[in-house]
Amino acid sequence: MSVLVDEDTRVVVQGITGGEGKFHTEQMLEYGTDVVAGAVPGKGGQEVAGVPVYDTVSRAAREEDADASVLFVPPAFAADALFEALDAPLDLVVAITEGIPTQDMSRVYRRQQETDTYLVGPNCPGVITPGEAKLGILPGNIFSGGSVGLISRSGTLTYQVVDNLTERGLGQSTAIGIGGDPIIGTDFIDALELFNADSETDAVVMCGEIGGEDEEDAAAYIDQHVDTPVVGFIAGRTAPPGKRMGHAGAIVSGSGTGTAESKINALEAAGVPVGDTPEEVADNVSDLL
Amino acid sequence: MSVLVDEDTRVVVQGITGGEGKFHTEQMLEYGTDVVAGAVPGKGGQEVAGVPVYDTVSRAAREEDADASVLFVPPAFAADALFEALDAPLDLVVAITEGIPTQDMSRVYRRQQETDTYLVGPNCPGVITPGEAKLGILPGNIFSGGSVGLISRSGTLTYQVVDNLTERGLGQSTAIGIGGDPIIGTDFIDALELFNADSETDAVVMCGEIGGEDEEDAAAYIDQHVDTPVVGFIAGRTAPPGKRMGHAGAIVSGSGTGTAESKINALEAAGVPVGDTPEEVADNVSDLL
Amino acid sequence: MRLHEYQAKEVFAEAGIPVPDAELARTVEEAVAAAEEIGYPVAIKAQVHVGGRGKAGGIELVENETEAREAADRILGMDLKGFHVDRVLVEDAVNFVNEVYVGVTMDRGVGRPVAMVSSRGGVNIEEVAEEDPDAIAREHIDPAFGMHDFQARKAVYDAGLDRDVAGDVASILTTLYDLWEERDGADAEINPLMVTADDEVIAADAVFNIDGDALFRQPDLAELEDEAAEDDLEAKANEYGFDYVRLDGNVGIIGNGAGLVMTTLDLVDYYGGAPANFLDIGGGAKAERVANALDMVFSDENVDAVVFNIFGGITRGDEVANGINSALEQFDDIPKPVIVRLAGTKAEEGMEILNTDLVQVEATLEDAVQAAVAAAEEVDS
Amino acid sequence: MRLHEYQAKEVFAEAGIPVPDAELARTVEEAVAAAEEIGYPVAIKAQVHVGGRGKAGGIELVENETEAREAADRILGMDLKGFHVDRVLVEDAVNFVNEVYVGVTMDRGVGRPVAMVSSRGGVNIEEVAEEDPDAIAREHIDPAFGMHDFQARKAVYDAGLDRDVAGDVASILTTLYDLWEERDGADAEINPLMVTADDEVIAADAVFNIDGDALFRQPDLAELEDEAAEDDLEAKANEYGFDYVRLDGNVGIIGNGAGLVMTTLDLVDYYGGAPANFLDIGGGAKAERVANALDMVFSDENVDAVVFNIFGGITRGDEVANGINSALEQFDDIPKPVIVRLAGTKAEEGMEILNTDLVQVEATLEDAVQAAVAAAEEVDS
């Protein structure tokens, strides 16, 4: 089992004709993902990596019976492409694009909340169910199938943690990169809900970072609703207030909210062991299983 | 019993300090309506007809425990006032104002559909439950308590029909003026649903008119979902295409949709007898009860 | 409120939609001068609010001065489906290979705007809608967000337009929608939007109707209103602030409230008469308004008798009765017989006030209408 | 991106928000001339990105030329919480009876904008928020609709503002919100918004931070960016397109991906070292980008050793290794010891490529960080 994506997921790549779109389409196909169409306005009728391109997402979805998309559209056009995916409608949209203006995402999020579409990202590495499908840019080779669910705000940190898990023989059910932006679709709570309901996920790793209060909210949710054991990690303990640490969302506000300390305390209070290093995270998972 | 309003309804008058607001507040109070507050920006602290005025609807609702409003705000400010009422939030908003721009109403309607607030109107005479409460400008004296529910797109036509009913001793449970605009909150179907669920409404009169397809939709709804007998009337049989007959919504389109004929046929096909004159409507009700 | 083609094109052009070179002309000389300046061939187009102007002879394509003069002379002053033509638009005739349709209107059934595109432009779109609804791509717009760019593209591609012009048409549709939204449009249409051999697009016709209820915040468009009014009586109704529609019959009708007035019209028809007009004096009318209403209906030479039907809610029967009395007392001879029915607020007082030397009073709606129909028949015969 | 007070005020004034007469000065003479022109009393205000400028001595109220000269002389060139002051705003001192706060920001917790009003203006609003959260009225805005007028009024009345100024403050809040929305604001604040004895309101301070990701569609604001940049190294990072933050420590850190770089910083701290910076080279970096990153970190004189931590996804270990080799081969003497750890895509190839005469290679993140901390300690001692 898995959450969000599996071997039956039929994927449209939005922005398939761009450099990144094309490269990662090939990578996704190679991993076994069922990429059935691309969508780029004005490029309908073309083919990329053997995949037919349509002018609109709705037509791509209709003609190829797609249910998910992955988005490599440049930031200036990404919000429009997201609205298009929500309208198609698709069940899942994974937005890889980094640098979407926050107000654009606020409007997308407003609309997405009214729909039944899962939005993952933006500014995320994607979603992978090892051995079945990956939607995004995650390097497939480091993942291995298993029963650990992974939720992370960061891409390469995810790889690091997965590497530590895989090294100990702890395979993954699904890994979800929820993204490093201030406003994202699927958040920790949404992802925890999915994993908690998944019979084949036996433990969940959540990699948080400074900024916002999502980890604190997740801790409260875990305390109330999550039976599956959860292990945590928080990046940014050394980040000074007021400085954006790469991710648009990774910033400790001037008034001191969003600190690593607050998140670690909240998680620990909810019974979630928080590792000091990625290795310790893997140790903690190992202890639970 | 009754629908939408009764003696426990606690009413805020939006625009209470204007000429119409003040006059009809007095009329509503006289009828026994529990008008508990007025709301007009910048007029907080005043009193109108013994009713305290607040600067915002939310404060009026909070301080006076109100659950409904009736709106006498001029068209240019009405949409904003409606958004304010939806936000307060109130259970019921009755918008009397005529002449609200259609695009404003489209936005209000978009928002209202997401809320739990009933919106009646705009451009309507209001709602009355005889002997209990009236919200609006309906002349209370022509109504009498009873078991006939009334739904109408028009004000004075309502009075005419009520007069014919009352003459025959057919009292009313509640009368709802749904309004003559192209975009309205509560439509025939919404009102029919309320009356159908009301144990003390034994028959429903619906007064439609040319324009739009609400009556046709209502006919289909009646056919499928309404057990309470329904009697109809349609104004505008003689209206030529392309001319607006007073109400913004009362227009037979150039392509011929929205005609009286189409509405009458639809209703009759759904088993709803449609009277040729208001007197005949009363006769038809009489026959049913 | 309906704009004329030339007014709509000015508004569209200002927003960046390409339109042909054109000039308005009120005389044959002006028309010829305009044609010379623009260069032949030009189209000479009657500026009246009538659909199907082409078929009705209101549009002509001319190649030279002689033809221009003849066409202008014929069209200016002609009667087009009941409308007098006093202006023509002289316009560069566009060489096109294709005609498409784009439009925006409010879909009242869902309470949302709808944008439409069809590859079958240049013909009556309502006929297309009936014959082959799938030939029109429709995209409902969320009024909270406005039209998303993808929706314009989707409509254009769903309509099957060529990829070579899709981008330009989508961008014109976006402009049209934004204009419709900003300027409180009721209907905005370009039909046809012509496509030239080198894939340029240009609006060869333009419809822009404005929501009359929103004119208060569109002052520049409101100024155009007078220019667009056509019928003297309807202009008078505007001045008095009445909802008024002129019809073909001979029974004049005055009442309060749109539904009740429509019902009165219907009853006139039901009892064998023919309504001359719809006139709603609205709620709470005072004496002067009552007098104005009578003036309106008396001014209509087709009217043979008048039925005055009031059901008072806010409107008071006594005020109406006083208004009727004082309006009629001015006349030595009452121009047309007036039948009055008052009900509702202060109706009894009103009935007593009414001067029965001047008017005939009836107790019910049905009786009043029947009396008016009979009176009109008598005058007419 | 943060605007300076004087830049923010220009933007606000253009939108119709009243601001005091003011002029920017870069020298004492300019400041005195400005003061003379505006008329005493004036405020002389350091233009640096520092909160609490007043308390820190960066703002002074002066009554005459002597005072103006002294104040300008003292403030220009001063070091304010680590920032060098090279510009002052000379501004008409407003006579006020009351100070309020208005602001707009994105509430990321709910994904919606929030408009705020408080009667406790003129003080640190974050302190107010902590001490007495109810003193700030907050109104969440639906981004699909924008701020409704009633919301501005509601915020103002809920904040308990006087009815005499409520309308003006609500209208300023509306303008501020619209500006924030149109110009892609991150935070927009007026604190204090001064209220004069005759109920005029005027923005005595102004904060306007722009969403850096939206600068592509705010070209005029993007032009202000250079003017606002303060730190040489941060300016260089902008040029190179790196996400870079300078810190106090001596272990330079380069990595790919924000979360992993932050984690590397945290591990430096965890193993007893002190990070000198955050530097994310992003995904898919090629040799030149690697060299630029090394240049950045070498340029920081505080750095004693560098840890280069790459987990390749899109980024390829071999490319990174080649970049590191070629960057370091230029030096006769490597300026600071560099410890490299490569994992993920083509990591093994990269490890083989790396010239171990130039760098120290470690197999795990933990080992690499510990080695860097040790190396920095050694250099430092």
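To keep things simple, chains are lettered A, B, C and D as they appear, and every chain counts its residues starting from 1.
Note that a residue touches a chain if its C-beta (ideal position, glycine included) is under 8 Å from a C-beta of that chain, and two chains touch if they have at least 3 such contacts.
A quick note: this is a predicted structure, and the numbers were derived from the prediction, not measured.
Let me have the rounded angstrom distance from the C-alpha centre of chain B over to the C-alpha centre of chain D, please.
Taking the average C-alpha coordinate of chain B and of chain D, the gap between them is 55 Å.
Can you compute the centre-to-centre distance for chain A and chain B, using the mean CA position of each chain? Integer Å is fine.
49
When the centre of a chain is set as the mean of its C-alpha atoms, what distance in Å lies between chain B and chain C?
Each chain reduced to its C-alpha mean, chain B and chain C end up 28 Å apart.
Would you please write down the residue numbers of chain D that are in contact with two or more other chains?
142, 144-145
Indicate the residues of chain B shared as contacts by at least two other chains.
107, 111
By the document's touch definition, which label belongs to this structure's chain graph: line, ring, star, complete, or other?
If you draw each chain as a dot and join those that touch, the picture is no line, ring, star or complete graph.
Between which chains is there touch?
Touching chain pairs, listed by label, are A-C, A-D, B-C, B-D, C-D.
Where on chain D does chain B make contact in their complex?
Listed in rising order, the residues of chain D that touch chain B are 142, 145, 148-151, 153-154, 157-158, 163, 166-167.
Within their complex, state which residues of chain C touch chain B.
Residues 51, 106, 108-109, 111-113, 126, 129-130, 142-144, 181, 184, 186, 211-214, 216-217, 243, 245, 247, 255-263, 265-270, 275, 278, 280, 283, 311-314, 343-345, 364-366 of chain C touch chain B in their complex.
Mind pulling up the chain C residues that touch chain D in the complex?
Against chain D, the touching part of chain C is residues 142, 144-145.
Along chain A, where are the residues that touch chain C in the complex?
Chain A reaches chain C through residues 41-42, 44-45, 55-59, 77, 80-81, 83-84, 87, 107, 111.
Can you list the chain B residues touching chain C in their complex?
Where chain B meets chain C, its residues are 75-76, 99-107, 109-111, 125, 137-139, 142, 152-160, 163, 180, 182-183, 207, 209-213, 217, 233, 235-240, 243-250, 254-255, 260, 276-279.
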